[in-house]
């Protein structure tokens, strides 16, 4: 339990924000996959801090090292251990909040659960934990790519600014990872404005998975959508997950919500994709579409009421290096976590039929 | 995998809509819990069909029998097996759609995954599978009640009709399980109107869990919200899950989204509950608030395009006995599934500290 | 945990000796397997009581009913639920030992663990629990048979009487399931002699699995031998498990213990099989050979010292219907449990390679 | 699956003999346990090579580093990652056997399973993998010590030389870890003699666990003895596991095998311990006694027949640095693995009762 997820493609993350290192062990990678540190680094570079003026100035190389499971450039089927050393730690900047519970953070709940916590940078609850997830996801992506399955996450909205088109080739062309170049600039400006106010803002990330074959998902509890929901909700700052038309379906009639089947050019297809590529917990072959709600970064340099570990009322305002909006940096995390869950189900499905 | 969920309080459901029976095996119920078939029946009666004019006329007693794990009225700590016989099956009414894929149903995906399926009433993908879930949830509720933890699910919206207040004592006073008596009638009428049009409609269910102690949830993957998301998303017809302010948080600023702490009368409390009782994947002690999007029932008696198992284009319209809106009957399923996940985490948490 | 075993082919047993019924839920049976109640009954008949004069006179039909997962004679890939009603219960014969801990039984440990127990016939710790195991094993056997994999268990020794040859076709020709007709009679007479003395006796069961392909087993913890050891040791009365030459290897030199490889007629083979078909936790392609130590039945009609639940010293002698030697009836249990573990690893292995 | 074991106290090992490093991630260590690298090093030093003339001359410092999960000298409840760098690798000495399958080793089975393998020093199947197990076991031991539970493993026999007494304080006083000083010298001489012949020899390790409370073990599949069997059998070179009188019980009568209960000085005790501290899969409160059969080291410098990866018949004799008898070095591995399984069940048991 706890720091392991997956059944066949299984990952275990470890590490704290200001500990010696952050890492992950990946089990279940099939043998024979060509894998290098560069493959992993490519994904890590997308999530690392300090990439633009809208991100935290914390500078981390986030340089990955593969310690096991690869032999002569190829996976051997044994566990792949990966590690990233923590470098640019300014742990003392957390001394003044050592005994305070930051609102919106996990300080209070870790304290109540474990009675002890590494307060430096949020410890285990820090976003840095996602380094292990992204490194593992990079492997999942390579496996899926062999079957032409690709995953694409992007910013769908920041605050009230929404995209009105999706151009996958535009995602990495702007600092907010927005697939609609007509609103990317607005999003960036909104984030800078919020930053100037020492506040933060939330947004929505959408992720689509292409060429996923029909048949993935294990009813009735390991349904594909159930495991997508778990996997994405396990990411810090995520407070909601929906599949296909999601919450909009709650307002719809059956006639408009159902996706009709049609044989077109000898291939069974669905005329629409309200279901987001999943029916009865099993992939339909249509694109898998999911969206997650990302809350505003809780670290803000504004006065907030709180208590300390002795239960005394205090005022806190959080200095330090924080993202005014975590959405752009959470995009690669979501993309890689989605790769992990789909890769896992892809491998599970191979053991279903004889 | 697949039909089992939970780690300490673990359930395995089995059975098809038109098979001999439906059932569940519950592992991990602590010994010494007073349990009778009446306790289980109480919950099953809430979900059973034919309770009102807005529900399917299929008549099932859904009479539960406990086959193991209880001795002299008390749980022994061994697996509790429960069974409900299927009785009012009109399997032949499904003969005409035996080879057709019903839009919005799992027919196509089961066919693609398994190559074979029990088409009668949806087989394993039928809502009748939730009988096992509800029976197991009834046990979870009894355990939680010993600690004064209670779970309350209700209809939050049907189509565009929303509640504007929550009165828990009103939920069972109307056929739609609406906690706001001022809109319950409207909801019911909307459903009847939709039914007359042979169509169906969706809605939103909200579930709140009271008196959940702080500390439940196992970061970083078995977070309480992650497992709530998985558990609720695993229910047929659910297409979205959100915690606390959920998708609304995507539009908010940090200042308004953060829940401040305050010591009031010697007790640490949170001034607001935007986080829905969960921070960093661990319960805060505030009410756990979750909402799920329920899609419109896919079975509608309107002409829809589809294909048959040979890939030929066909027109289908689904006769038979269906709920025009599944929301009222899914409410007890959600309530009981939430009881299961909270009970599981409650027991898991006992093994964390020495 | 507890009453579930397996990862892909997964079984959950439930039920007590004198409860209403005994059963099992089998998950992970691939779709398309032809399966009938007769297939299951065949195996159950081998373990059921009252088959000969050396077995308990308890009469149970042990008639199995399949409740789910089979449609038109074929598995659908969904959970298969099977049930056997308990019939010939003489629960009152246990009243006099209700508060006594029978030496060698699990009475004391269940009492210490759960604080409550169904004392009738040993409750959950009864050998009747193995009905669920055998029923599940019957399915595993059918799957394995499609690949020509067969499992053969037999009595290797009773007390000091050992076999000196293995003729698989002789196993079912005698009441002790002895593959050596030259000692079968002696074994039977020894058991009857022991029975006359109101005592009991132990023995060794050997099980060989033929045509298991190389490659099954998941190092380093889900090694094939590790899971065989767990699976067989989980059977009541089993106190030891060895693979290949087992404990004899502790006395051997490397030169004699190593199995050399040889290419014979274009096929890689091993010249010997000291390793019992498993190297490094993975099957070699040679027969899998395992042996288990079965202790004497603890129920004996001789005076023994014990205490009651109040801790008072008492004398107990156990009347009732018991097997003076459980070995012959445990043979089919071991055979079917071995089928389960090999079937599970067979299916797991399919998800390892791409 | 595969490289993870345990349910609450859960470990994941990774690493190959000649890779960059070897390591383990430990989940489920309760918070508040005082833990230092010295605690871990103490155990690692017992298993490291080059300790005496009867062990391999490979020199490894096996210096452990803790990378996460400890804050200010105390566990925080988050995953503890530990790493040991590989240093004294002579990988080129394996070049000549790169394409040969060493008899008795896992070369052939890894090749058949994965199609690729790191041949250097056995790769993942090397005894060096146990470094991770021992490091994790050191933590388990510290937890158990808080409850006065101690684990003691020792050499019971080498070849035909058996101990006739057990003096726990003598174990670390001789190079064979023999608790009987009267035969330790003989054992050592036998090993040196075997070494001179370029051969190897096996033995038996016994492990006793003291002060284990009654009630540990989860019937019917996660019985304490079942998980002990799995855990110990998962160690390379182990080919048999027995509990209590084990295989001797197969020759015994019920009257002599049963352990009678007695109230002595107000405390319920058992007069004997034939059952080895486990009844019905649950600990009795008596010492847990287990024994494992250790096969002779398969690496011997004698000519053996084998084939290469192209299936051609070859002669192999294995040069390099090997232990002529692995028993003394496997003793700490068994001790620590036993600590892990008992610690896991100790923590699991806390979640059973309310």
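A, B, C and D are the chain letters, set down in written order, and residue numbers restart from 1 in every chain.
Everything that follows uses one rule, which is that contacts are C-beta pairs under 8 Å (C-beta built on N, C-alpha and C of every residue); 3 or more make two chains touch, one makes a residue touch a chain.
Keep in mind that this is a model prediction, so the values were computed, not measured.
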Ask   = Out of curiosity, which chains are bumping into both subunit B and subunit D?
value = A, C
Remark   = Between C-D and A-C, more contacting C-beta pairs sit at C-D
Remark   = Expressed in whole Å, how far the mean CA point of subunit B lies from that of subunit C is 39
Remark   = In whole angstrom, the CA-centroid distance of subunit C from subunit D equals 26
Request  = Find the geometric centre of each of subunit A and subunit C from their Cα atoms only, then give the gap between the two centres in Å, rounded to an integer.
outcome  = 46
Key: Residue numbers of subunit B (touch at least two other chains)   = 1-4, 7-8, 13, 28, 31-32, 77-78, 113-115, 124, 219, 348, 352-353
Key: Contact footprint of subunit A on subunit C as seen in their complex   = 7-8, 28, 30-33, 77-78, 143, 146, 219, 347-348, 350-354
Contact footprint of subunit A on subunit B as seen in their complex = 1-5, 7, 13, 101, 103-106, 108-110, 112-115, 124-125, 129, 157, 159-160, 194, 199-204, 214-215, 217-223, 225-234, 236, 239-255, 257-263, 266, 268, 271, 275-276, 278-285, 293-300, 302, 304-307, 311-313, 348-349, 352-353
Key: Complex contacts: residues of subunit B adjacent to subunit C   = 1-4, 7-8, 10, 12-16, 19-23, 25, 27-28, 31-32, 65, 67-69, 71, 74, 76-81, 83, 113-118, 123-124
